[in-house]
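Chain nomenclature is as follows: A, B, C, D and E, assigned in order of appearance, with residue numbering initiated at 1 for each chain independently.
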Amino acid sequence: MRHELMLAVSVVVLLVVEIFSSAKHKTNVVLPLSIALMGLSMLVGGMYPEAGTLFGGIYRTDALRTAVKLVLDAGALLVFFQVYGWIRRPENSDKVSEFFILVFSTLIGMHYMVSAGDFMMMYLGLELASIPLSALAAFDRYKRVSAEAGIKYILSSAMSTAFLLFGLSFIYITAGTLHFDALQAAFRPDVLTILGLVFFMAGMAFKISLVPFHLWTADVYEGAPVAVTAYFSVVSKGAAVFVLTWVLYHVFGAAVEQWRIILVTLAVMTMTVGNLFALRQQNMKRFLAFSSIAQAGFILLGMLGQGALGMASVVFYLLVYVFTNIAAFSVVAAISNATGKENIDDYRGLYATNPRLTLVLMVALFSLAGIPPVAGFFGKLFLFNAAASQGYYWLIFVAVVNATISLYYYLRPVRAMFIDKNEHPIAFFKSDAYMRMGLLLCMAGIFATGFISWFFEYLFAVS
Amino acid sequence: MSLHEILFIVFSTVVLLFSLMTVLSRRILRSATYLLLVLVATAGIYLWLQYEFMAAVQVALYAGGIVVIIVFSILLTHHIHHRSKPFPPVRVITGLGVAGLGAALTIWAILQHDFHYHEAEPLEVNAKVIGQHLVNTGDGGYALPFEVISVLLLAVLVGAIVVAKKDKANEQTSENK
Amino acid sequence: MISFDYTLLIPVLPLLMFLTLGIGGHRLKPLMAGLLGSAAMGVVTVLSYLTAIQYFFVGGGMGADGYVALIPFQFTWLAFTDTLRITLGVMLDPISVMMLVVISTVSLMVHIYSLGYMKGEKGFQRFYAFLSLFSFSMLGLVLATNIFQMYIFWELVGVSSFLLIGFYYRKPSAIAASKKAFIVTRFADFGFLLGILILSYYTGTFDFGILTQPETSPVASMAGVSFMGLSVVSWAMVLVFMGGAGKSAMFPLHIWLPDAMEGPTPVSALIHAATMVVAGVYLVARLFVVYHFWAADIQEVIAWVGAFTSLFAAVIAITQHDIKRVLAFSTLSQIGYMMLALGVSGYGGAEGTGYMAAMFHLFTHAMFKALLFLGAGSVIHAVHSNLMTEMGGLRKYMPVTHITFLIACLTISGVPFLSGFFSKDEILVAAFEHSKVLFAIEFLVAGLTAFYMFRLYFNVFWGQERHYHHTPHESPWVMTVPLMVLAFASVFSGYLPFTHLVSPDRLPFEVHLHWGIAIPSVLIGLAGIGLAWVLYKRPSRVPDRMAAAMGGFYTTVYHKFYIDEVYLFVTRRVLFNLVSRPISWFDRHVVDAFMNALANVTNGVSDRIKGLQSGQLQMYAATFAAGVIGLVLLALYYLGSA
Amino acid sequence: MLHTIPLHYFLIVGTLMFFIGVAGFIIRRNLITILMSVELMLNAVNINFLAVNRYLYPHHLEGHFFTLFIVAIAAAEASIAIALIINIYRRFSTIDVDQVSDMKY
Amino acid sequence: MNILHFLIIIPVLTLAGVLTSRSLKGVRWVSAVGMFAQLLVAIAVMVTYMGLRKGGDSAEMVLMESHTWFASLNIHYTIGVDGISSAMILLTAIVMFAGVFASWELEYLQKEFFVSLILLVTGVYGFFISLDLFTMFLYYELAVIPMYLLIGIWGTGPKEYSAMKLTLMLMGGSALLIVALFGIFYGAADGVHTFNLLELGQHPMPVEMQRFIFPFAFLGFGVLGALFPFHTWSPDGHASAPTAVSMLHAGVLMKLGGFGIFRVAMYLMPQAAQEQAWIFIILTSISVVYGAFGAIWQKDLKFINAYSSVSHCGLVIFGLLMMNRTAMDGAILQMISHGLMTALFFALIGMIYSRTHTRQIHEMGGLMQVIPFLAVVYMIAGFASLGLPGLSGFAAEMTIFVGAFQHGDLFHRVATIMAISAIVVTAVYILRVVGILLLGPVKNDHFLHLKDATWYERLSTLTLVVAVAGVGLYPQWLYRLIYDSLGPVAEKLLAAL
C-alpha cells in the first residue's frame, strides 16, 4: 500500500508545485522532481516486499505484485527520461505538471489493478489507468491526429469496458461475488459463465491490443505524442497482461480448457495480423504499434504455460519489453524532437551522422526480434518454453515463423540506417542529457536482464 | 397480471423502445431526449427491484448529470435543426447483424441457464447502510474504491483541463490548418 | 634374400622433384631445371633396371612357386574399417617390375629429348615439374599394392595428363583437349570407382594380393550373387574395365586420345603412347585372375572391345593427315591388340600366352611408339607443322630421324625379327586359339597397320618436297640420342624371354614361334607396305581419287565416324542444354521463386487486408463485437465437445 | 412478489439494451450519439448487476455497489469524452466520425 | 582455467581491442594478432584433446565444465569438446585467420567490419564448444545479425536483397530449431527436463516424440547446410557477401548445419533418424547432383562456387544419413575439407574481383598469364574440389562413398551411385571455369597490368592451401580422431535399427 500512497503523495506534491511555481522554466523543476518522485516511489514501494491483504481482501500484495509494479514504474521512469525535448516546447509550457500528474494517476490505477483482490478494484484500477490516458493521447491538442487519437481511444475503451462489465455481470451470477478467492472456489464452466468469461477476456484483450480487438492501437499510437505512445505500449499494456494472466490462472482455473483455446486463437491471429500490418508501415510510431501488437501475441504463448513458469515468463518478458520498447521509442522521440521526422525513409544514412542513436535503435529492434545476445532473445525463448511445457509445439512453430517475418520488418529500419545511401541524411544532433541517461539505462537493462539470470530466477521464485 | 408485472412490462418496454429510438433517431437532440427517458425508465426498474438509492443516483447522476452535459455539448457543436444524413446501409446491416447475433447468442445462453433464486429476506438498502459500507475498511467495505474514485475524478479533472485549455500561442495558427 | 627397400625411392624421387620444381622452379634457370629433372629420372631408371635385374635374373623375385609378389614397403594411408584400408606401398611382381622398366626408360628418354625439343619454351621448368609429377603418379600406379592405391594414382595420372596436354594454355584447342581428356577419363573412373566399391563391399578388401589368389580369393564368395541377370562380380569387373577402357581409350571412350595430341610431342610419346594409355591394359592384367575365373563373360567383352577398337582405329588412321593423329589412332589400334590378347588369354602354362603377349606387346609397343612420337616430334620441330600435307622429302635433311623412324615403322608393321614381330605374333596366336573371327580381324588390322604407317612414312620422308620457310635440319643430339636408344630397344626388345618372366600364374612356360600364323601375318604386313609404296612413295593423285571414289564412307572415316559429334551432342545438347540449363532455370524460377513467392504473398496479403484498418471507429467496434461473438462460439464449441 | 417476473426477463432486457447500444455504436456516425450508445451499454450492465443481486444474492450488496461505481465512472468517462469531442470539433469543425479518420491503414 | 574459455575470451578481447583502435592499421593488426592467437588456442585445444585421449581419458566429452545459468529452467553453460568439435574449432580458426588477411584492404568502415566479423566467429566457436542446447542455440543465433550487416553493408550487387533473403531463410531454419529445442527439452524420457546433451543422451525420447521432432531438428539444421530445396539463400547470399564473410559462411557456418544434424538430431533421436532417413537421403542425393549441374550453367564465379557448395554440403548430410561410422566419418572430413577449400575459393574470387572488378567468367580469361600465383592457387582449389588425391576432397569423398556402399539394398545403392556420379559433373564445371578463367588468351587488355598477389593475400591463401594439402596427404590422423568420437552416435544409431 505504501507504494500507491507514495504515488498519490507524488500527485499531490506535483499539484502543489504546479500551483506555486512560476511559469518560466517549469520543465526544469518539474521533470527532475517527477523523476525523483518516481525513483522514491520505487524505492519506498519496492523495498522489503511483503505479502498480505487489506480492506477485506480487495487489496492484496505480495512479492510478485511488487515486482510487476516496479516494472511498470521503471517503464514510466524511462518514459520521463525521454520527454524533455517534447515537454519543454512552448506549446506545452502551460501543462507540464499536468503530464506528470496524469502519468502518476494512471500509474496508481495500474497499481490498484495489479493489486486488486476483486473485480471491482480491478475495474476501478483499469478505468483509472485508461481514462486519463485518453487525455494524454490528446495531449498535443493542437494536432488533428492527437485529438483523433484521444477520441478514438476513449470511445473504444468505453465500449470495451462495457463488454468487460457485461461479461462480469454473468460471472457474478455463478458465485454472487466478485472476490477472486471466492470466485475461484465457485467458478464452474457452463454456457453462461463461459460467455461471460469471453466477454471479460475481450475487454482485457482490448487493453493488451490483441487481434481482433486491436484496431484502435495503431491510430492511437500514431496520433499520440511519442512519449505517450511509449507509455501506452509498455506500461499500460503490461499491467493488463499481468492482471489477465493472474486472473486466468487463479480465478478461472476451472475453465482452463476454454480460455486456452481462446488464447491460442488470439495468439495466432495477433501475431499474424500484427506482423502483416507491420510489414507495410512507413511511420515509425505506427510501425512500432503493429510490432507491439505482434509482441502481445508472443506474450500469449507465455500465458499458455501453467503456474510459476508461465507467470514468470510473462512478467520477465514485460520487464525486457519495458527496456526494449522504450529504448526504441526514445530514439524515435529523440529524432522526432530534433527534426520532426518520423518515417523510416527519413532514417536513411543515419549511421553516418548519428551512430550512437542508430546503434541503440538497432539493439532495441534486435531485442524485439528476439536475436541474441540481447534480452529479447531470452524473453521470447522463455515464453516459448512456457508454451512448450504444455505441449503447444505447433503454436510455437507458428510463432517462430511469425518471428521470422517480424525480423524482416525489424531489419527495415536497420537497413535504412546502415545500408541505404542518402544524400541528405538527418544531420547530427545532440540529445539532451535526460535522453542520454534514459538510453543508457535502457541499454543496460537490455543487456543485463538477459545475461544476468537473477532477474528471471527472482521472478520465478516469487511467481 | 399484477401491478408489479404491468409495471415491469411498462418499464422494460419504455427502456427498449426508447433505446432503439435513441440509436435510430436522426435528430440528435431527440436522441438525447430519448436517452433521458431510457435512463429514467431504468431508474424505474431499479425501484422495481427495491434499490431506491440506486434509482436516485441514476436519476441524479445519469439523467441529471450526463444527459445535461451531453445536451450542452450538442448545443455547442450542432445547429438545433441539424438532421444527420441517412445511415449507410452497409453499416446498418453490419450493426444490426452483429448486434442481433450477439443478442441472440446471449439470450440463448441466458435461457440455457438454470437459476436458483435465493429465497432469503433481502437486505434493507438505505442510505445509512450504504454510507456504512462506503467508509468501512474491512470485509465488505468500500473505502478503498471510494478513494480510488476520488483519484480518478481528480485525474479526469486534470485531463479535461489539459484537453480543453485554450492555447495561447498555437490556437490561432493550427485551427486554420 | 635380396632387399628391395630402395624401390621406395623410385616413386619418391620424382615426387620430390615435382615439389622442388613446382615450388621453386621459377627461380631456377630453365636448363638447370631440366637437367635436375632428367638426373632424377636417370637415377630412377638405374634403380628400376636394378630392380628388374634383381627381381628376374638374380632370383630376388623367384619363390618356390614361380614369381612372388613382394611388398618391400607399405603404410596405411586411410583405414576405413579394420579390413578396408587404403595402404600406400610398393608391390613388386613380374608385371609391375616390367612396367617400371618401361616407364623409367621412356620417361628418361622423354626428359632428355625435351631438353632440346622444349628449349626456349615459356614454362620450361613447369614442364619438367609436370613430367616429374606424371612419372611419380605412373610409377605409383604400377607399384600399387591395392586397388585403391591404384585408383589414387590413376587420378593423379589423369591430372598430370590434363596439365601436360594443356601445357600450351594459351591455345584454346589445347585447353579444350585437356578438358576433354580429363572429363572423359573421369567419366570412366566413375565406373572404375563403382567397380572398386562393389568389389570391396563383397570381398571386404582392396588388396591385390588377396583378390588375385585363384584359390582363396574372397571374390569367389560373391560369385553367387547376381543383379539384373548378371553376377555382381561381372558388374564390378565390367565397371572396373570401364575405368581401364577410359584410360586406355578403348572404343567408345577413345575420343579424347586424338585430341590429346595438342600437348607437346614428348608428352604424347610418354603419356599417350607408352605409359598412361596402357594403364588400362595393366589394370586388366592386374585383375586378370578375377576376370578369368569369375567374370569370364566380361573377359570376352574385353576381347571384343579390344578387337573392334583396333580395327576401328586402324581404319581411321588411314585417312588422317595430322601425323600425330595418325600415331594416336595407331596407338589405339595397338592397345586394342593388347586388350584383345588379355581377353582371349587362358590361365596356366601355354594357355597364358595371350596374357604374356599382351604384356610383351605393351613393352615393345612402348618402345617403338615412343620412338615414333619422338621421331614425329623431331620432324615437327623441324617443319613447324603437324600436317603430312606440308611435309615430304625430309629424308635428306634429317637422316637420323629418318632411319630411326623407319625402324619404328618396320617394327610396328611386324617385320620379322624386330620386336614388334614377336609380340604381335604371340597375340595373333592367342587370338587364333580362342576365336577365328577375332583372329581374322586382327590379321586384317596387321595389314592396315603396315599400310597407314608406311603411308605416313612415305608422305613425310619421301613424296613431294614442300616449300619450307626454313630449310629443315636435323635435331640436336639431345633429341637424336633418345631416338637412337629407343630404336635400339625397338629392334632388340623382342628377344627378351617374356615367357619366362610374365605369365598369369607367374610360372615360366615355353612357346614357340607359330610359323603358320607368323608367315601370313608378315605377308599381309608386307602387302600393306607395298601398297603404301605404290601409292605414296612418289607424289600421286591416286590416293585422292580413291578417296573420292569411296565418297561418303571416306568422309565418315575421316571424321572418325562422327563419334566426337555424337559426344558433343550428348554433352552440349543433352547434358548442358537439357539438364544443366533447365536445372539452373528451375532453381531460379521455381525453387527460389517459391521462396520469393512466400515473401511476395505475405506482402500481398498485407496489402489486401489493409482495409481492415480503415481508420473508422465504427468499423473497429463492429470488428470487436464480431470478434467477441466468434470467440464465444469457439469457446462454447469446445465446452460442448469436452 | 418478486418472482412473478423471472430473472430471465431482466437479463434479456439488459441484453437487448446492451446490443442496441452496440448497434448504435456501429451505425451512428455522430460522436455524441456514439457516446450515448456507450451509456446505453453501461446501463444495460447495471440492470444485469442489480437484477442478479436482487434475485440471487439478496443478502449482500456487491452487485449494487459495483453498479454504483460503474455509474460514477461512467459519469467521469462521459465528461472527459465530451471534452475530447469538443476538442475534436475545434480541430475538425465536425463531429462526424467518418471525417475523423486521418489515420488509417 | 579450462582452455576452452579462451576460445570465447580471445575474440571478445580482440573485439575490445578493435573497438579501441584509433587507426586503420591498428584495427587490422589487432584483428590479425587476435585471430592468430585464436589459431594457437585452437591448436592447443587439439593438442590437449589428443593428450587427454592418449592419457586414457575415454569420456564422451573432455575438458568439460558446467555452470548453472538459469537454474529454474535447468539451463546451464556447459562446455566440452570431443575430437569432432576440436577439429571444427581448428577449421574455424584457420579459415578466420585466412579471412582476416583476405579483408586486409577493405575500404569502408573497417572497424565495424572487423567487429561484426569477430562477433560472428565468436558465435561459431561458442556453438562448437556448447554442450547445452540452449547456449548452443544462443551462439548459433548470435551469428544472424552480424551476417546481415556484413552482407548488407559491405556486400556487392543486390546486397540488400541477398542479405535479407539469407537472414530470413536462416531464421526460418532456426524457427524449426526452436520447436525442436523445446521438443527435446520436454520430450526426454523419465520426465527429465534438461538441455544438456549428454544427459539427454542418457534419457532418450520416446519414439513417437522423436518422429515428430526429428524433422524439425533435421530441416532446421538442413537449411543452414544448404539442403535442397532450402539452399537458395546460398547463391544469392554468397554472391553478395564480402570476401571474408563468404569464406567464413561457406567455410564454417554452413558446417554448423551438418554438425548440428549430427550432434543434435541424430544423437538424440536415433530411431526417428533411422525411420525417416530415406526421405532425406532422397533430398540430399538430389542436392548433390543438382548442385553440381546447377554450377555448370552459371556465369558468375561466386554462383558457381555457391552451387558447388550446395553439392558438397549435400554430400556431408548424405554421408551422415548413411549412419555408419565410415560414412559419417567421411561426412565430417568433408565438412572440414569443404570448409577449407571453399574458403580458399572465396578468398581467391575476392582477390580476383578486387583486380578485375568483375566476376563474370566470360569477361575474364588468361589470368594464368597475368596473375600466375592466384591462378595456380585457384587451380589447386579446383583440384581439391573435384577430388584430386593428395588434396582434402578426395579422402573425404572416398570415405563417404565407401561408407555409403556398406548398405547393400537397392535404395541406398541408387542414391549412392547418384551421389558418386556428381564427381564427373564436378570435374566438368571446375574445368570449365579453369579453362575460361585462367587459361587461354587474355581477353581484356586492362588485365595485362594486374599485380599478382600481395604478401597478405599470399599468407591468406597459402594458409588454406597448406591445410587442404595437409588433410589430403595424410587423412588418417583426422580420420582416427573423428572415428573415435563417433562412437556414441554410431552406437545409438546402430541400436536403433
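Everything below uses one rule, namely that contacts are C-beta pairs under 8 Å (C-beta built on N, C-alpha and C of every residue); 3 or more make two chains touch, one makes a residue touch a chain.
Since we're looking at a predicted model, the values are computed, not measured.
Engineer: Hey, what chains does subunit A share as contacts with subunit D?
Structural biologist: B, C
Engineer: What is the set of chains touching both subunit C and subunit D?
Structural biologist: Common neighbours, subunit C/subunit D: A, B.
Engineer: Per the definition of touch at the top, where is the C-beta contact count highest among chain pairs?
Structural biologist: Counting C-beta pairs in contact per chain pair, the top pair is B-D.
Engineer: State which chain is most central when centres are taken as means of Cα atoms.
Structural biologist: Per-chain C-alpha centroids compared to the overall one single out E.
Engineer: Select the chain at the greatest separation from subunit B, using centres from the mean of Cα atoms.
Structural biologist: C
Engineer: Take the average of all CA coordinates in subunit C, do the same for subunit E, and state the distance between these two points in whole angstrom.
Structural biologist: Chain centroid spacing, subunit C to subunit E, equals 37 Å.
Engineer: Nearest whole angstrom, what separates the Cα centre of subunit A from the Cα centre of subunit B?
Structural biologist: It comes to 30 Å between the two C-alpha centres.
Engineer: For subunit A and subunit E, what's the span in angstrom between their mean Cα positions?
Structural biologist: 42
Engineer: Centroid of subunit B to centroid of subunit E, CA atoms only: how many Å?
Structural biologist: 69
Engineer: Multi-chain contacts only, two chains or more: what residues does subunit B have there?
Structural biologist: Residues 91, 94-95, 98-99, 102, 105-106, 110, 115, 140, 145, 149, 152, 156, 159-160, 163, 174 of subunit B each touch two or more of the other chains.
Engineer: When you check subunit E against every other chain, which residues touch at least two of them?
Structural biologist: 168
Engineer: Which subunit C residues reach two or more other chains?
Structural biologist: 599, 610, 613, 615, 617-618, 621-622, 625-626, 628, 632
Engineer: Can you give me every chain pair that touches, using the contact definition above?
Structural biologist: Touching chain pairs, listed by label, are A-B, A-C, A-D, A-E, B-C, B-D, C-D, C-E.
Engineer: Quick check on the complex: what are the subunit B residues that touch subunit A?
Structural biologist: 105-106, 109-110, 112-113, 115, 136-141, 143-145, 148-149, 151-152, 154-156, 158-163, 165, 167-171, 174, 177
Engineer: Which positions of subunit B touch subunit C when the two form their complex?
Structural biologist: 91, 94-95, 98-99, 101-102, 105
Engineer: Which of the residues in subunit A come into contact with subunit C in the complex?
Structural biologist: It comes out as residues 151-152, 155-156, 159-160, 163, 189-191, 194-195, 197-199, 201-202, 206, 211-213, 215-216, 218-219, 257-259, 261-262, 265-266, 273, 276-277, 279-280, 405, 408.
Engineer: Quick one: which bits of subunit E touch subunit C in the complex? Just the residue numbers, please.
Structural biologist: Answer in residue numbers: 165, 168-169, 228-229, 231-233, 235-236, 290, 293-294, 296-298, 325-326, 366, 368-369, 383, 386-390, 394-395, 398-399, 401-403, 405-406, 408, 417, 420-421, 423-424, 427-428, 431-432, 435, 438-441, 474-476, 479.
Engineer: Where on subunit D is subunit C touching in the complex?
Structural biologist: Contacts found on subunit D: 22, 25-29, 34, 97-98, 100-105.
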